[in-house]
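First, the structure itself, so that you have it in front of you.
First chain written, first letter: the chains are A, B, C and D, and each begins at residue 1.
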Amino acid sequence: MAETLEAGLGVEDIGTGKLFMDPDPDKAREFFRGKSRALTDKVMSVKEAVSRFVQDGDYVAIGGFGTNRIPTAVLHEILRQGKKNLGLSGHTATHDFQIMAAGGVINRVDVAYVVGLEARGLSKAARRLFEEARIEVCEWTNAALAWRYKAAAMGIPFMPARIMFGTDTARYSAAKVIACPFTGKKLLALPALYPDVAIIHVHRADKYGNAQIDGISVSDLDVARAAKKVILTTERIVSEDVIRGDPTRTAIPYFCVDAVCEVRYGSYPGNMPYEYFSDEDHLKEWLAVDSNPETLEPFLEKYIYGTKDFQEYLELCGGEHRMEELRRLEFLEDGLGAS
Amino acid sequence: MAETLEAGLGVEDIGTGKLFMDPDPDKAREFFRGKSRALTDKVMSVKEAVSRFVQDGDYVAIGGFGTNRIPTAVLHEILRQGKKNLGLSGHTATHDFQIMAAGGVINRVDVAYVVGLEARGLSKAARRLFEEARIEVCEWTNAALAWRYKAAAMGIPFMPARIMFGTDTARYSAAKVIACPFTGKKLLALPALYPDVAIIHVHRADKYGNAQIDGISVSDLDVARAAKKVILTTERIVSEDVIRGDPTRTAIPYFCVDAVCEVRYGSYPGNMPYEYFSDEDHLKEWLAVDSNPETLEPFLEKYIYGTKDFQEYLELCGGEHRMEELRRLEFLEDGLGAS
Amino acid sequence: MDYNAMELMICLAARALEDGSTVVVGTGAPCAAAMLAQKTHAPNLMILFEAGGVGPILPTMPISVGDSRTFHKAIMASSMPDVMEACQRGMIDYCFLGGAQIDKYGNINSTVIGDFHKPKVRFPGSGGANDLASLCWRTMVITPHDPRRFVEKVDFITTPGYLTGKGAREAAGLPPGTGPYKIITNLCVMGFDDETKRMMVESIHPGVSQEDVVKNTGFELLWAKKVATSEPPTEEELRILREEVDPMRYIIGRQAA
Amino acid sequence: MDYNAMELMICLAARALEDGSTVVVGTGAPCAAAMLAQKTHAPNLMILFEAGGVGPILPTMPISVGDSRTFHKAIMASSMPDVMEACQRGMIDYCFLGGAQIDKYGNINSTVIGDFHKPKVRFPGSGGANDLASLCWRTMVITPHDPRRFVEKVDFITTPGYLTGKGAREAAGLPPGTGPYKIITNLCVMGFDDETKRMMVESIHPGVSQEDVVKNTGFELLWAKKVATSEPPTEEELRILREEVDPMRYIIGRQAA
């Protein structure tokens, strides 16, 4: 179909991957038409939020960046409640992916970056999912998933982009190639990604779900707008006055949000900018134990299945004392050492 | 071409309007490749900024929203320097359009909203440009121009959208209709708009051009990124520490910016949120005098051509005393009356 | 109780806004209607402005849809693309428009009278009107009622109504399920017939005759099976409108036609 | 003066970065190289991280490209789309990548070894690598040099190098003028031949033989007309690298191969 493409009239199906989510903006519009716009109190426990808003089979998007500003408490609760057959957007999913892989709760994934924890190494438990072909996979890139969210947030079925051309990443994606109607140039068409549920950890939110994020927002502005349901965890619930006192700072408006859960240290063992640094020791332990199902099982039992909530997990990990150390690390109070 | 469109394979040229600016992202990339990324002191006078960065024939985009956070000093200086044949993006261009129309400096315009000053009425001087056919016109909408900027800011040649269908606005635009490669649905393709120059007024910027905006940003985040050259005027030049102390707040990074001009009350007679309200009396006077060339000429002579800079204009308009009144209005200090 | 046509129009518009819904408004009567609705039956009505203001606590009438009042103590001071994208995503229920001409399908002209290239009169153009009417679920129009405005054929379709009738919006490419909802004038309230998508009179204001409406409309109107008399403002509505919404009488002091 | 292979690689990478340019880096050696460049010849080098950090003053090595160090006292704490869009717009000069396999055209595999659907080894995938290599002007690679990495044919092209040779990137749809620039290993520095876009040895590190390079490369290399000896780190470079850039020896304490 290269000739028609040259003439500005073609669509080339380069991707052989499976499109897990429907990019049709009219189906999404019908959903959003029925979504509540009322300012109601959405504060609830993590347990209730997961029980009400994460259904077996849902496709999930996680905010933050792998080990930074991640909603750990919700991920643990998903394991604890034994959710099944979840889909996942692997938009630099590192520790978040590791948890969900360890818990066996996912059966399909759009991959940009998974199984690794960046410089820390690779998760064997996560790799086993792929190497034993226990998961459906569609390949993308970080920008591709970011722009797929953006298309959905904008209410359009696809976003044109100039990436992935010529690679196997494109071949194992579900992207298509189109020609620009103005310039005739080839463009990659990225299908809109409307997740069923987005789970995002923020610095502060009011009880309605108006939320502020300090520092980089990664893709979370778009994720929150694109998702059909949004669960926020927040370091602190603040009064509506805090939000209305500085509306320039609002990153996520309440009408995107379904649940607001106050979870202090909620990104632990990940980094929460301006709050606490990541717990590299605990992340190393995760990587060590998940290399083998026999060491992973008791670890999960101890830290997740055997705890009733995130608070108990924090206590097992050193509680306030450890959190204070991580606060000092975040603020570089002991010099420049980061771990 | 409706049949091929239905099949997901078509492009329909619905727009008969003229595309003033090339949407080719590779030409823009070549320009941006050569644009300086160095942290250099860009502070200069408005006079120097206009002289260096606004060339006859340039296509200009104005930040803010017509009578809100507009870069009045630069617009006056464009008239004073007698720039010619400028193009303009009329993205809710109200008082800004009125000034440029009065000065006769523009010869083409992408229209979303022009000639009106919202509830205040219509500018006769601006209307004469159209009614005497002294300007080339291409029709769009506010969202269309916003998304055309966004496409350029993203480095893609067009943005799909779901507006303008079935209307004469589309017919007199330069948009095209394409079919979505995933859903087969019709989409409007909006060509990227890379302005030659963007002129934006902000609350504070450092000498390099890192800028913060308080309140709504309208389209300015995209405008600043899309434009080849950017002139900032700012209420205050602040130290780099202010920017680096709260990087979440940076709206425009320095590498987009070519000139930084400190202009206190720079949005006058427009509103500057959290600073001063609009001067409705002066705007009414503008609308009154521009109904007739014979009253407009001496007005322009007095306030623009006969002044050496924006400071002189402010003095003629009541100086610090008037500004203090407008500050009180902005902060509702005299009750709820807005004018 | 005495009231003027503008007050009636604002009350009728306010009542059409459901609680718990979202509305993009402009300055003037639409903004007054949304504020009145918030203070009466729709405390959970969320107001947005196309320039970026989301959920403000309006201290007074804005003069511009981008002035600082539009995000006074707002839940978010955002951007034009963010608001327009919320509309395109399907999150916004209502928008309010005006215009120089409107036809029987609710198509609106706010661009030119006469030839496009050398117009007799040039108006501002779409602004955000085309976008909002394309993307929000229900378009409301508040406008004076006279035969120069209500015309058989508008000189220029700036903003889509139902275009040429049922199914035309969808065929043209607009999101399904959207379109004009209520046209509120100084004479009557009109909706649209489900089968033809033509403008249909639903209620006539007290003291206005059917003939007055016909005389002031340049096209053939449809009439609801039972044309009601528009419910006048209640005492409570008028009190709130006059004391809380528009104490300076910026809007309600204006002529409605 | 004594130095190890990692220190040499970082110094060579740093020198390739022009002053007044922009670079997207990851953690580890690329970040160290960019910091070293800033503290030597390129004070106006602007560092970005793909998760949103723009122009930080790095207090220490980041552990993640999204951790709080990446926007410490930054000029902007932005977003992933904002940084990726700056790349797509043409504002970013350099990016740094690694990978499990690389071929003679600089194509990189960081996805799988073996069959895609049931891989022998699964790696993380593209992350931002494909995006950065598609969109930034010049792609830099820092990698250990061995025949398992430098292969005739990569199992999976995650990230585009010159694909199949001259003109192939542009034909595929990638922005013109982009592509791999320097491949810096523990043995040598390689560029790409203008005519064939094949990998070409430009300089060999002190103490390394041409044979060492050949032996550790799984495809046929081209050789520059005049293959230089890589310039070792200066005393000043080493001092800054050891005392200011990486005093904890997180990076320079590692094995380079």
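The definition used in the following text is that a residue touches a chain if its C-beta (ideal position, glycine included) is under 8 Å from a C-beta of that chain, and two chains touch if they have at least 3 such contacts.
Keep in mind it's a predicted model, so treat the numbers as computed, not measured.
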Worksheet item: Among all the other chains, which ones are in touch with both chain B and chain C?
Response: A
Practice prompt. Give, as an integer number of Å, the spacing between the C-alpha centres of chain C and chain A.
Written response: 40
Item to complete: Could you give the separation in Å between the centres of chain C and chain D, each centre being the mean of its C-alpha atoms?
Response: 57
Worksheet item: Centre to centre, by mean C-alpha position, how many angstrom separate chain A and chain B?
Response: 36
Discussion item. Among all residues of chain B, which ones touch two or more of the remaining chains?
Written reply: 25-26, 155-156, 161-162, 185, 187, 214-215, 247-248
Fill in: Touching two or more other chains - residues of chain C
71, 77-78, 81, 87-88, 135, 175
Item to complete: Have a look at which chains touch which and call the overall pattern line, ring, star, complete or other.
Response: other
Practice prompt. Go ahead and list every pair of chains that touch.
Written response: A-B, A-C, A-D, B-C, B-D
Worksheet, complete the sentence: Touching chain B in the complex, chain D uses residues 19-22, 44, 46, 54-55, 57, 71, 73-78, 81, 85-91, 93, 135, 137, 175-177
Discussion item. Applying the document's contact rule, which stretches of chain B touch chain D when the two form their complex?
Written reply: 25-26, 28-33, 35-40, 152-156, 208, 210, 225, 243-245, 247-248, 250, 253-255
Worksheet entry | chain D-facing residues of chain A, complex | 64-69, 90, 92, 94, 111-116, 118-120, 122, 127, 130-133, 137, 139-144, 146-147, 150, 161-169, 172, 177, 185-188, 214-222, 271, 273-274, 277-278, 280, 330, 332, 336-339
Worksheet entry | Touching residues (chain side chain B, partner chain A) in the complex | 4, 8-11, 19, 23-26, 155-162, 176, 178, 180-183, 185, 187, 189, 191, 213-215, 247-249
Worksheet item: For chain C, which residues are in contact with chain B within the complex?
Response: 26-28, 50-53, 59-71, 77-81, 84, 87-88, 107, 111-112, 116-131, 134-135, 156-160, 163, 168-169, 172-175, 247-248
